[in-house]
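What follows is a set of structures for review.
Note that chain A is present in both complexes that follow, paired respectively with chain B and with chain C.
On to the complex of A and B.
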């Protein structure tokens, strides 16, 4: 691209570099973000010989600028002349990978990983791998930390001698004397294991895993747990028991709750990795212990996994294991002292019914659901209600409806508006499952009560809820049960309630269709254009704009237009504005 | 923090507050932040025991003969290895009381007695202390624990723990205590566990730990480098990984006196600690909790070695807060502490970037920031430095001061600015007049430069666009 454009000379590198040196950080940042433009202006040759050396030499800037630089360089391959020259990008990225600030370093490593794929195998050995080695033996912990993320990208494509060196470097970092580096190594152990040949997984990785999993710092040990899961997926079944299980068993009983938490959190992955036999013999008792752990954090993490764990149990013994081992623990968790534990359980417990079938659900699970529906913590009750669909499939919701109702009513009147909001969101679902009759009888009045809630967010959600209900139960139902009540509020002394009528009409007109809108809603809206409160009047204009498309053109011309014209000459500036807007949108001018 | 729980505060008290309160007015309670109850929690490793604990009641030390005392003392120390569950307030009441009185007795005994410290006492004492104090700290109760607002969670077993700490401190301070024997037991592993405990939420415990660590640092020369290195690691992890560690202020306090004792010239290791660990600590969000201790450490370093002034001030400039005005005020305070001890030769080296920053601060729209910066002009020593270098500083400051004197929304700031301008005028009236005269044309020149920059970028973009069209094969990344 050396096409000697005459205007190339207009932008000598000095000017650009001047911009990169500007005192104002914001300007420097802007320039760095436009680095590709600068490179393009310079052409590939000068980018390689002038711009990159400059960038490499002047890395001392603010972290924000460095972050932008690190990100840019990851996309620079074409700008330096393609994969053939990609290694020119390594020196600046190497410096960035040693910076203190974590986000900069991580971005530099990300970019390095990206461009590593653009290196030819030869370049990888000549340029990339030496860089990894330099970082791995850096003085300050930052460069060693960065090195940990680079081993796995170059390992698969280098010769066996270089591979041996890479393994050696990784081993060294796993026993680094700063915990930061050990943590970085532990978090990349699984990834590195995946690119290694199986013999080396067995000979190298296992010993590193065992060492990291018994590190003196719990923050290192807990990262080893995740690596353990990845390693387990790589090994043949017959090796698991000897090579990883002792360490994983030990992790599940670690004295630090953080490590046990990690085990609980990764339990489903672990279960998949080790297969059915080990699950039956080892994981079931381990899971029981985690469900009974002395720290609530651990119990909550385990409770979250109850459904997934049970689902993935081997089919032949699933029911027996659940009934004899898991369910007793679950029963205890229902009355746990910690609300987070109960609420974690409540978010998954309903899922057990599909696994256990109708009879067991009625006999064993139903009492638990009912107990949780009466729980003092609203989050628990909400989680149960939000998962009703699982139970509905198995035993039908009627079994629950007697207890459901008081729970819903209580949540509907909860002092916290966020709780009320959450229950409103489940109303359409509940309505669908409980049927129109039950709904009319028990829940309709609640839905109407929310329309006059003192919190706007609730009134808004209630309006939206009505729309969804109409979509479910149809226009006729709307006309008989909802519309009269909504329209009745148009005469309320409180202007907020009068506005709610308008908001409801906005939401319902489309679902109710032209006839109901024209016959019942429009007259009310038009009448409200005489309201004494300006907010109501301009909302009339907004409503007319909204429901206009549902009405026929005759009605628009004869009824809507005169009212909007009147509002367009209102004394209030906002009313005028919205009336004019409606006129132009509905093309009535 | 470590585990994210869903919105615990939003949900927590819903069930306990009577619904009627909120029904009246949704906003009424917002103003009254509910005082969180002080809660206690105990060690995470404690798993409840089923059987009650029985300890054999031993006679009092003062009731036995002097020869029998050392043996009885050891027995009592061993008894104190037994741990009790303090979350269960009803269990083992009698035995808890017995352990408490035994610990009390041990504290008194090590304070006044002589000759009890036989060689076999050391491992037993260290073992007892380890059993009692080393434990996995429990998870923090709320994820957004704000140490300035929230009450800390207190350690439930404090009635015993306090006495154990007290006993250990007296033991370390005892005249008969011999580090040469004790170092076999108080080793690196012991210190590492001790340092981890500084994350305790209970300020009483951190206070005891501070004394313990200080004594160990003083008496065990072989552990000093190790302790410093581990504190380094804790800080680095705090700054770059977790932003959470409760004992930073306490550790800095110990470091303050450690730095004080550094021999001159400072070793490279110590300078690296200053630049790569202490300065980055300024970036942490919860700086206010340990800023006083941190600033003290920094000033200690500068008093030891004034040539460090330049890297320190450049470090502060690098980490200068961009959005948090509270932190900016703290930084300005620290900078004044540094300027109080700065040597004139060092001042000259750093004055340009420094006063560019101060110019930015005095024109901050946040009046507390502007005010804090303007207070520098009340500091006689700083004034004398400014006066000596007014020919450099005045041109840097002038534009900001001149503009702000007319524009600042806060009248108090305008008044302070006026005084500063007046001071400058008195210092160097010729230069002042010159700057005032060229103010307008300077601004014009700046505007022209801005326009040129815009033009440059526009042309570059055009060029890029043209190239993009020419090179239809390559996708050109633009950001």
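On to the complex of A and C.
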């Protein structure tokens, strides 16, 4: 019996609230994700006074629940009564910003950054900035790391006295005892520099950058590299040499390979940040050294940047620099001992041809491409083949075809099926660039051989490949070259090969059009409905369903319908099922 | 080491944990002992895969005579026995090592490992719980929905303190051989794990990948002559770690130099004395433990008979060598026959690096003072000492005539051994494990003797 004052609309909300503390994590998570519904039902007043205090204490929960909570609170401003009350969200986010799980802390910081913009300048100083200070001087490093991400959002909007305090706090964190905090500070240094006045960038940030870049922990030093790039973009050209270059040069020659790796990884950004003059004088030799580094990881990272670096060189001296300084290093990398280095290079080296033009490509790059096409590591060869289009534009692919073909054939027959799969995916591209004649002569047989590969993934990819080839070369070509071979497989003793015929027909019917489908393919499919293997028979039903739309209605009624009806009374349950499905999809009932 | 010539030390028994029973269950045998970085917590692991954490009594912390009162704080099952179906191998639940992480918030974290799998545990306190449901009473009886007139938000209320241990990460499937060491890096975000042939580097936040930093597996296992026995990170330099081998050498590697540290940067090895060479030479030179000093300047290695201290700047020979139980040299043959020669004794430094400690047989443990070049042999035995009273010092002698504090080599009980020891990082409090008992000793501050 319902009470006089009970309210049915409360029930679902009551369930949600109760499930906030359910034993089952999934239910708690569901409730937290619907926190806005709960808050809406409670109203802004009770959300502020009851819900938020509860959430502030709920930090014992599982990470995924806390993560969802941290995210929700970033969108909660209207639910607590608008920007006027947004500071009520700070306590729960503050406690989330101190948990040990990095993803949760990061999300809490993200939400704090988001709601900082909704604070009025007064609230920012009265509520937000004190929170940042509390976190920055917290006992545990978790809170201090979180503080690092908050300085830059409040700095631009506070008074100059508070600004001075914020700078002081940031300085303190940069020399914190624990490397975790120094790392957090180093990773936010660039972002903080961006909101600082230029005079403080020069006076404060540079010294912090220099200190972090010579930290005893390499994990801190390597983060300073990225900060250096951001700082360099902020400074006028004339200050770069004196203020950041000595430190960056030192980083490029750091004793730790991880720091040098970071320099290599950020090299393009660095190049853009310091401009053409410094690039010519400093970065070119530094890049050469990275390409010759003793650690393979560093060489691989640098090799990855070869094209981008060359592209961004100042135009007036680009060719000279590449030919005299970069190319000799690249030549050495082609025969590197480490396959990751070679494969990193192979993924970008083709891009150099557009930069260097036809003659240089033929004279200098072509021998390198050919060498890499013969590399012992399949990944290197694949990377070259996958980037053929760049070279094609410059010198045409024919120059390469002599070496290309053996490389392709070898990859096509590689013992590892993933390698075979990768080369299949490049077939349509190669076919397009090499032309139909070359294809028929050299590659067609490979494509057909994949259809009877013993790995299903290869057969499937080969089927799809045929469809793309037909789209490129047209229906007539299909009818002459591949359809007869595909249909021939319908009589293969191996039922897997017979099924491949069906899969090919599924893929090809649309590209080949009604005539070929009706005249050549359909009879074969219909004949296969008598196959002794049930798997083949139900695939006949599926194929008929698939190619039905390509056929005309007369043909459907007179030829397809009887066969499907027969299959629908098959002894095998699967055959029956798919035949009935085809009948209903094709509306033949 | 403090003690007088009269057979008494300043060390007193403080507590004995575990059942004092002759009938010991296999699962109860302690296999790891480790103080945390503040010394406030002490963890033990056992062959049953359990971890017991003891907490220093808060009230007694400031009373010098009772500094070493530790009580159970939390007990949990860290590892369960498993079966590797692919290799038809049982994976024991025995805890091989426990390492605490530097404290990052109010909770405590530790890594524990068995032969194959490393786990990160969080030990946290909870003193509040939410109260108030809308649709049921606190005792679980359902309320009729019709009685719902207003929404109730739960409120946190104080409750009795509860300590929870929850698994945070499981780092599995990275070791083909048995894990013998784990060590947390001073960068606070990575740690290493070493097995017989490989050392892997992990990021604490990622369980799905680790980097192989040392691999000594020969391409042909027939050529295997050496295995990794222990490994540790330098306490201050994040790029430096060492590993000891079954051949008695210790290699120091610099992770700055390359991603794979197959090339060591230093090799610490003492030339073998040809006069003592025997069939057992290689077995007894195998490194059973390696520990950096807190200062990071020295490194201590334990082999079967000795404890050696190396200056990291001198690779050719140790700066100090201590005989732990040199008198066993004549008994190696019988120790080989009863497998004792393969026992892996751990060693530890005092907080200020001035003394070192390691275990021996007959429930004896040895302390060496580095400045005074003096040593102590003490016994962990609840029968032979009572709490608060000074321990007597023992001497092991070969002859048959004995004084009060002497014992003959032949009378030593080799089934009672102290393999696992840990020294409080600040105070003169040590913890060590006999078979299934944890002993805590403390040094008297103001000597009355």
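Simple rule for what comes next: the second predicted complex is superposed on the first by the 560 of 589 C-alpha atoms of A that agree within 3 Å, B and C clash if a C-alpha of one lies under 4 Å from a C-alpha of the other, contacts with A are read in each partner's own complex, and residues count from 1 in each chain.
As a working rule, contacts are C-beta pairs under 8 Å (C-beta built on N, C-alpha and C of every residue); 3 or more make two chains touch, one makes a residue touch a chain.
As the structure is a prediction and not an experimental result, all values here were calculated from the model.
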Chain B versus chain C as contact partner of A:571, first or second or both or neither: neither
Touched partner set for A:41, first chain B, second chain C, both or neither: both
Touched partner set for A:340, first chain B, second chain C, both or neither: first
First, second, both or neither for A:300, with chain B first and chain C second: first
A:21 touches, of chain B and chain C: first, second, both or neither? second
Which of chain B and chain C A:141 touches, first, second, both or neither: both
First, second, both or neither for A:178, with chain B first and chain C second: both
Chain B versus chain C as contact partner of A:587, first or second or both or neither: neither
Residues of chain A that lie at the interface with chain B and also at the interface with chain C: 1, 3, 5, 7, 10-11, 15, 41, 100, 102, 140-141, 178-180, 183, 216, 218-219, 255-258, 294-297
Residue ranges of chain C touching chain A (in the complex, touch as defined): 102-107, 109, 122, 124, 126, 128, 130, 133-136, 145-156, 186-189, 205, 236-239, 255-259
Residue numbers on chain B that touch chain A, as the complex places them: 2-3, 5-6, 8, 10-12, 14-15, 17-23, 25-26, 44-48, 136, 138-139, 189, 192, 233, 236-237, 240-241, 276, 280, 318, 356, 453, 456-457, 459-461, 463-464, 467, 470-471, 474-479
Of all residues in chain A, those that touch chain B in their complex: 1, 3, 5, 7, 10-11, 15, 19, 23, 27, 33-34, 36-38, 40-41, 62, 71-72, 75, 78, 100-102, 140-141, 178-180, 183, 216, 218-219, 255-258, 261, 294-297, 300-301, 339-340, 343, 376-379, 413-419, 454-455
Chain C contact footprint on chain A (complex, rising order): 1-3, 5-7, 10-11, 13-15, 17-18, 20-21, 41-42, 46, 50-51, 53-54, 57-58, 60, 98-100, 102, 140-143, 178-180, 183, 216-219, 254-258, 294-297
